[in-house]
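Look at the two complexes coming up: chain A is in both, with chain B in one and chain C in the other.
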Partner chain A sequence: MAVVGRAALILALITSLFGIGASLYGARQGRRDWIDAGRRSVYALVAILTVAIAVLEIAFISNDFAYNTVANNSSLTTPLVYRAAAMWGSQEGSLLLWVWLLSIWSSLAVFLTRNRLREVVPYAVAVLLGFGTFFTSLLVFFATPFATTAPAPLNGVGLDPLLRNPAMIIHPPMLYSGYTFFTIPFAFAVGALITRRVDAEWIGVARRFALASWLFLGIGVLLGARWAYYEIGWGGYWGWDPVENAALMPWLISTAFLHSIMIQEKRGMLKIWNASLVLGASTLAIFGTFLVRSGVLQSIHAFGASTLGVPFVSLIALMTGGSIYLVVSRRDVLRSEHRLDSLFSREAAFMLNNIVLVGLCFVIFWGTIFPLISEAVTGTTASVGPPWFDRYTVPLALVLVLLSGIGPVIPWRRATLANARRNFALPLGLALAMLIASYTVVPISSSAPTVILFCCVAFVFGSIGQEFWRGWRVRRATSSDSPATALVSMVRRNQRRYGGYIVHLGIATLFIGVAASATFQHTHYVNLSRGQSDTVGGFTFTNERPTAAIVDDPSGTGALLTLGVYLRVSRDGRYVTTEHPTAEYYPDASGAEGPVGSLIGGDAVSELALDSTWRRDISAAINAVPLQASLQTEINYANSSVTAKALAGNPTLPYILLAIIAHNYLQHPPPAPLKLASSPLVMWLWLGALIVLFGGIVAIWPPPGAVRGRVRARYLARVAREVGRA
Partner chain B sequence: MNPARKRQVRLIVSLTLALALGGGLIYTSFSAADPALSPTQLLAKARPGVSYELTGTVVAGSVRHLGDGVLDFRLADRAGGGPSVPVSYSGAVPDPFRVGRELIVTVNKSGEGFVGQPNSMITKCPSKYVAAPNPKST
Partner chain C sequence: MTEVLGVLLIAVLLALVVWFVGAPLRRPSAATERPSDARRALEAAKEAKYSEIRDAELDYRTGKLSDEDFRAIDRQLRAEAVEILHALDELR
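And now, the complex of A and B:
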């Protein structure tokens, strides 16, 4: 079967190369048949790569340890769902997933544009297949997933327990979908620039694909933050880790693009800027993939030394150089049609939003690659921590939130005083009310940035709420719809606008959670013996009793021993909840830690106990490594008592001894090493993120037929205008 | 003011602002950064009163859990060989902490050894992309 997989990869490489040749030849010679052949290569690529991925998945699911990648990432004891997901736990497997998703999304893009952008599409296809060629070459020449060993090992290493989380199944595919989707706006921008067709039709296509990639990457980042909150970060959702930053940067730039493209659409301005943004966002997406793959930076997402650095740097250099050349050489078609009329206009607000977003991205970029810069300048690697990031990102984020309330209500071209009074009276009033409240009612006055942020959020809610209210009232007056139907039909008639408004509301909501939890989180690391208590942020945690279970593995991850404690949480003497943080211990296949020690000598994972309400999260985690250390004396004793002869007579002896150790733990529990935390309003962060995603879906959803007709008519009129001008 | 001159002024003001901000960014990043060193480099360079970000692998047989949540261990260069550095650490220990694993911890020199800043330990997520053969599989 490995031969089939390897053949499929080689075939995929040939198909990609053929498709590039066919598309370029067809475009140069004006031959439709060759252009169609190029497009069909993209579809063929999906089929071929699906074969490759199926071969590998079957190997993972059927525990075929002859495949090196299966032996290194899966094992007999790994549960089925995690065996299926283990494929993208490896370098080779994740690259294969990358290129497979690339082929799928490329096919979708090529299919949707089959009757549009006739001149641009062949070049876009060539660029998309160029990415396909790059990644299939990596799989063929550098990191093949189909390397085998004979004879096959009896068992594999297993999937790392940290990855045995439901998020493992969905987070990588989503994130990769986001990354791969970014190649599509890139490809269409390159095509449009080559053919000098940076027109209204291109804007429509580019905006849609940019919105889709923005949405996917956003979901990927969100799932990653959520996963970290439960598993790796123990209550932290963002750590300014290089890999997190890598995903955030293209997302920020595409956010900027989604705004500034509107200025190009309405006013014909900022064309060079927009082309640069869309090319830059995609280059940053590849840069992000490079950071994850290459091991060039220290990160929690550890990367061993890897051989993929040089090919990736070459690709990024090619993308950057090509982008700069295209924008510079096509600057005649990218000339602005208008100038900025006033600093008090929607254009100016959008430009400021763009500057802030790009500035934010630059800060993050600088902080992320700073170890490399420092090494080049001073000779030693040095890195900047979260406080450095916060110093810049906090003020920039405040400006962004404020702008998300100003942008939607300030008019195009020039705002008048009367108009400002009409649009800003209510939002400003709400912000002022929030300011007063924050010094009297709401307990946030100790942190100035939080007060400012809450005022900005009140402003945004005021301005967006007002827009919804006005639109809804007009709709009610001009139709006989019921109140709810009027709201829906109002949104349906202008999904982009109201989808965008919903996104703004979501961002404001999300920042409530970020600001409150970052400023007012309380965390304690304590050792609590049975009966002892500790108070964190007003909540008293009492260690009630220990728990221990052998093979009983509630989360279905394959852990052999699970230790934990029951914590009673109370506030002012009143019972709040009971939390049960646990530590799961996995066997060590090498047997290096003795017959009993090896049963629990592999990886250890702390499972967070979390109680969430809309007001606060209370969490508790038990620190697995020190807890295991407190059992070490007993384990050593048990190890020494199992002789080879006894083991031969009774193979279950180590398990029995482990059960005795667990029993002793219940009788005489050592102090539990705990991390206890209370953070306010974290749920608002997830709620805000869901609202953002909902808004994004509303904006991207195909408009109803009638509206589509109107949009199409408007678009045709614009095309006619442009043809007339040309 | 005529529009051309106005644009010029606007351009100069915004460029100056951008330069000032960029300069601040660069200056603060150099002054706020902790040098990241390997154990060998740390032994050669360390001065008291300076924080260092130490990256290395945990040496076999060096891990001691003392009372009160203090953890003593030694770190050696990732490449193997060379001297190792004793670290005394307290606070949360990430789950992947294990002999042979690579970790990052912020340390200060204290006498002959080094004291880790509480809760500064980061272990690298061991899942990803180890090009060298996994030590456990051999």
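And now, the complex of A and C:
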């Protein structure tokens, strides 16, 4: 069926090209029929690419190793759930997923705007299909997922064990949804600039889709961080890895856009800035895909060897150049309608927030590409690690958290001193109380940035809590709602405002976890023999006994051998929990390690054991490599004892010998090489992230039509009265 | 057998795409349609202005605006809303 997949991709490319031509011709000639044909091309793209995706998925699920992509990213021992998700573990599969999601979200956007922005939509459709053309071209000419080999290998290499994690099943689709969603505000911005229709209707469409991309990308980043936290090799939830950074940059820019677009909405200001942000966020989303897919992260030389590097650089250059040209050539329609009334206003706070967010993005951008630049110029890679990022991002993050508390309590246009006193008293009081508590009750005074951050968080809690309280009181005073109903109806009547407040609350909560866990984490690397103990952050870990399992890994990832250790964790002599960190070993498809060694000669992954409460995480991980090395003598002996004749007579012989090796490991276990850690308040990070996402959902949720209708009728009447007097 | 099925599937897919995408072009040629974008843009501006009036009122009720500031802002916002309504009337 590979031919069907290939044909589907070619058809997708032709459909995209036709749709671009039809949309542009229809727009230029004012021909509704051609514009409709262009729009239908977007819908058709979904169907065609779904066929391509289905063909590849069937190949993965049915272990059809004739497909090179399947043979390189799956195997007979890969569990079904991971086989189904293995498609996006490959270069070609992930590009196919990218363009498929692009077609789905583009169709949604085109459908939702079918009766709106009629001048803009044809150009937006052409841009969206332009992205479709680019990615289907890559799949047709440079990285086809439907390349086959005959005869088909009997087994595949297998999916990278690091990707055999539940978070990694959903992480790429979410991340790619975020990336692809960014193309929609980009396309509508291009269309609006071409037609000079940068008006309120465009703002509504751009804001909604920017919020959707922000939300999806946020979920993707969160799942990535969660995955990194569980895969000990990454050493935490955030390592300033280029792949993480690539996703964070457009998210930061879209956060800036979601704030500054409100200034344009309310004051007609910052139009050039907003157009630049929305165009920049999409370009960064493509830049992120380029970083991950071009090979440039491995080495600047790998980029040169990659077939995808030049096309991606060309696309980014086209997007950047085109964006600059459009903004400059349309500066007459992007002129501000008002000036900033006061530096002490919500507009000013949002502008500062924008500067900080863009500054953060620039720092991350520079930190991400600096090693590449240094390698290109000097030939050696200058590493930029977490301390470099922390030096610049920590102060900026502090300002950002503080601003997320200031913004909600100051009004648009101008704040007076009397109002400021009234609105800042409680948040400042809470910040002061936290400052005192940090030197008396809460043991955080050893780290000045953490103290400042906790004070900022207290300020945010105060300001947002005060906003909810006052809004709720107003709602109670103007309706007969019960207390709970008043709260819900208050939020539903002002979803954007209170959704945004919830996001701010989530950000503050998230930073509690980040600051505490980063500052007060305790980590020990130790080798513990059976019965030995080590104390980390007040918790005592005791090696109770080793474990070993053949073809029975607890996390169901398809590992052939799982070694581990049971650790009893206690505090001040009292039992806390038992942890079971494991090391999982996967087969080497090449067979180069001998009949027994190859069963576990592939990748090895350490699975974290974690006990998490709202106060602390205690975790243990076992280092897979030295543990495997300790078995090498026995493996060599087993390899030499399996003759071809014996193997022909009993194909399960290597497994039997591996079981014997595992049994010997249980009888005479080597010291377990462990990483033991105690981190306070990590759960607050995940909780904060979930609050942020919940706030985003509240903000994007369509407002109830009935309520909106009533409000509209009431205000229409009021404005109509004014019209009568005018 | 599988290959024949594949070719058949491709042919069906191609036919469906051509039929679906080309449908608007088979209709009697639509005359140039005057888009109502100006009206929709004004409607969107009106909605945004009403939302701004509501926001200012909530800001006032929650103590972020003084009486004097609120009156001035509210008056200005309503005047801007009136201008939008006038513009909408002119399009009728």
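Just so it is clear, the second predicted complex is superposed on the first by the 682 of 726 C-alpha atoms of A that agree within 3 Å, B and C clash if a C-alpha of one lies under 4 Å from a C-alpha of the other, contacts with A are read in each partner's own complex, and residues count from 1 in each chain.
Note that in this section a residue touches a chain if its C-beta (ideal position, glycine included) is under 8 Å from a C-beta of that chain, and two chains touch if they have at least 3 such contacts.
In this text, all values refer to a predicted model and were calculated from it rather than measured experimentally.
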Looking at the overlay, what does A:F344 touch: chain B (first), chain C (second), both, or neither?
neither
Using the touch definition from the top, say if A:W412 reaches chain B (first), chain C (second), both or neither.
second
After superposition on the shared chain, which partner residues are touched by A:Y566: those of chain B (first), chain C (second), both, or neither?
neither
Touching A:G471, do we find chain B (first), chain C (second), both, or neither?
second
Which superposed partner A:R422 touches (first chain B, second chain C, both, neither)
second
Pick one for A:L117: touches chain B only (first), chain C only (second), both, or neither.
second
Overlap of the chain B and chain C footprints on chain A, listed as residue numbers:
none
Residue numbers of chain B touching chain A in their complex, please.
3, 21, 25-26, 28-30, 32-37, 41, 53, 55, 63, 65, 68-69, 71, 91-98, 102, 104, 118-119, 122-132, 134, 136-137
Within the complex, chain C is touched by chain A residues 1, 3-4, 7-8, 11, 15, 18-19, 29-34, 36-37, 40-41, 43-44, 47-48, 51, 116-120, 197, 199-201, 203-204, 265-266, 409-416, 418-419, 422-423, 467, 470-471, 474, 494, 497, 711-712, 715, 718-720, 722-723, 726
Listed in rising order, chain A residues that touch chain B in their complex are 71-72, 89-91, 94, 153, 156-157, 159-163, 232, 234, 292-293, 295, 298-307, 339, 359, 362-363, 366-367, 370-371, 374, 377-378, 380-385, 387-388, 391-392, 525, 527, 588-590, 603-606, 623-626, 629-630, 632, 673, 675
Under the touch definition given earlier, write down the residues of chain C that touch chain A in their complex.
2-3, 6-7, 9-10, 13-14, 16-17, 20-25, 27, 29-30, 32-33, 35-37, 40-41, 43-45, 47-48, 50, 52-56, 58-59, 61-66, 69, 73, 78-79, 81-82, 85-86
